[in-house]
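Order of writing sets the labels: A, B and C. Residues in every chain begin at 1.
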């Protein structure tokens, strides 16, 4: 097992290096002179030249890349051109906001998706199965941002049941400790704020959860059907009583692998796709952070932001690979 | 000369049985799937709308009428008007052109480039495979929307560039798909038989390997068009795709967003259009998969 | 004595063994075929027999260069096939063909029979479309199928019929030498004899030369003129068919023959007839234990009596 972990870690390295290269080059490729943009229209030629030198932008690309890697290793993600703060310091609240949203969304997706899938498989071709699968199909066809807009319009602007933007009540903001508001409010003992945070989470997380729920439901269903067709299940089933729970357990165990794959993939997609939801719900997450940086040509932020998100994505998939190997010993020996 | 042992062999098959190529059989199965047919019809409807938009649309796509801003659906404007007094129905019709165009072209590009690399990686293996697979891994390491946004940021916001960005992010998906199919076909004994006959590698690729890849490409391609359409709308929504006054559905949503309370129809209808189109492709893709896969799975 | 159609000298194949770890170093090699030599005369059938893993299939594939040999010579029509450039070798494949073991896997399920059979002709540029079609129909009849089968697909045929198609395919370019790699092993016993008889008839009709690879002694006896016995990568005995079955001298061959079941219910009831007779190695030769181990120095074939070769040492 240890051997497998080491091997996988090694395979990770070229990918990580490649990632930094890609990010580096993409940023360099964005048109516009950063020094010019920072200093604005009125800047003189000298000040632009000076700033270019200060920022090290006049060095050949490999020197810049090398410096970049060096600072990455020391944990320095650069300094935001807009806020002039260290990105490493600044980024966590945004990241936490997105993480909280993503985790809640994935939880919803897993709980509803897996169970819907299992029930659909068990009662194959029943009205439940049919309805669930149709809903799932529609679910993967709805654009997230439109769903968010519709939710916002209907539940918030129209009916006024739920707040339309933000993570908390602006008049009674949460005191951030971990920046994960669900935890922070409990730590502070403020149950009322906790409820408020939940109210703010509902709409965006449901919007975000729709597609993964649909996909997980479909995969779980087909995976379960495969398992249920297996001889040993048929034999057990013919014996009768309490069968549902046995199938639930066994079916689940065997379906874990495809489900895990989807979870890994979807989490990554959510991290990136959160940007759309965040735009609609005014959620101060990392998607917004990066997007705003693009409009402002805040290169260091764009660079580090994308890198951070991609790295998290890779790490999640890496951990899922390890979980695979732990569950299914065959995978290790491939 | 000795009698050939079996002049009239024990015939398992009767005389003139209808020849069923694997393709024909797949089509039979497809026809039975109602969902798939619905999907296909939906797509055809949208294609027709897109092609004949100038004839079908009651108004011009850019006909503004500031006196008629944000009117609710009525007899003269079935879907109402937007903030510039433009007829939403007409704009949606023309928007179909854009979405379908982006969907088809970007996916086609991805398929061609992705398949090329996938075949090379799968067939020739070793270090070439190593490099290509690593590149795919790196590309897939980025959440696709982010990568698309970054690419558009580099190239500049326009519909064209959105198309290119979407094509690029889909390349590794097809590349991997083709590569794994090629790898599995490579093992088959009929490939060895083809070599034994004296076939050139290039011929083997074209004649034996590629046809096996067509099915997964068709299925995956259909689903990819669905996501491409959504991605294009997403980019449009973020202002990174189509630029005004192009009636791209995502852009329409972004533009109308601020009027969502007074004029919800301006936001509802473009969204429904996106949803129906994508639903059509998903239904079709599902149907294709059910029809073609079990039978063609070798 | 005329030159043999095929002359194999010192054919070797070793597969590298990699240590599973991080860097995949070569930690050893698997000597699948350890230097074998034999010849095949025109018009005869040479059977190569041995248990699973002895290297007989690998040998067959090496002759066609479907697997590249590590060492040795394969002389066909006085040309060493192993040193031919790829294009030349490709052209040579017109004259040496192969019949595969698995009738289900060796035909592309997506191609019609006609297409499968036409392929060798197309590849070597033989005949125009009409001529090819005609030849396909002729060949189908030759192997015992009907011309209207041409438009069908492999999945519509039984195992035995598919093997006939495989045989037809091998015959399309009028090859001189056919390597049959366990052609009947995957078929029902009753079908096996049909296919074997078909092969024998085809041999007579077209003057073919066969190398027949199998693990089944009974089958090989039925069809071969001469038989070579392989054990772990080396030939241990090579002799005319009946000599092997009545005067086998190598301990391994004898072991192999003793294990063949006798299809005679009466046999075990105290019958004094010897089911298998063995020969005795002439006194000037000796066989030691080295034939059992791979990698050890193992003896090559020596002619101990006319036409009868044994892997042994001169005393």
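In this text, contacts are C-beta pairs under 8 Å (C-beta built on N, C-alpha and C of every residue); 3 or more make two chains touch, one makes a residue touch a chain.
Quick caveat: nothing in here was measured; it's all calculated off a predicted structure.
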| note | Max Cα-centre separation from chain A goes to chain C
| note | Of all chains shown, the one whose Cα mean is least distant from the combined Cα mean is B
| field | chain A-chain B separation of Cα centroids, rounded to whole Å | value | 25
| For chain B and chain C, what's the span in angstrom between their mean Cα positions? | 49
| So, what's the distance in Å between the C-alpha centres of chain C and chain A? | 59
| field | Residues of chain A touching chain B in the complex | value | 14-15, 18-19, 22, 26, 29-31, 137-138, 140-146, 149-150, 152-153, 157-158, 268-269, 271-273, 275-276, 279, 290-291, 294, 302, 306, 309-310, 313-314
| note | Touching chain B in the complex, chain C uses residues 61, 64, 66, 90-94, 97-98, 100, 102, 105-110, 112, 119-120, 123-124, 142, 144-145, 148, 151-153, 156-158, 160-161, 164, 166, 169, 173, 194, 197-198, 200-201, 204-205
| task | Using the touch rule from the top, collect the residues of chain B that touch chain A in their complex. | result | 35, 134-135, 137-139, 141-147, 149-151, 153-154, 156, 226, 230, 233-234, 237-238, 250, 253, 257, 260-261, 264, 267-268, 270-271, 274-275, 278-279, 282-283, 286
| note | So, in the complex, the side of chain B touching chain C is made of residues 1-2, 4-7, 9, 12-13, 15-17, 19-22, 188-190, 192-200, 203, 207-208, 211-212, 298
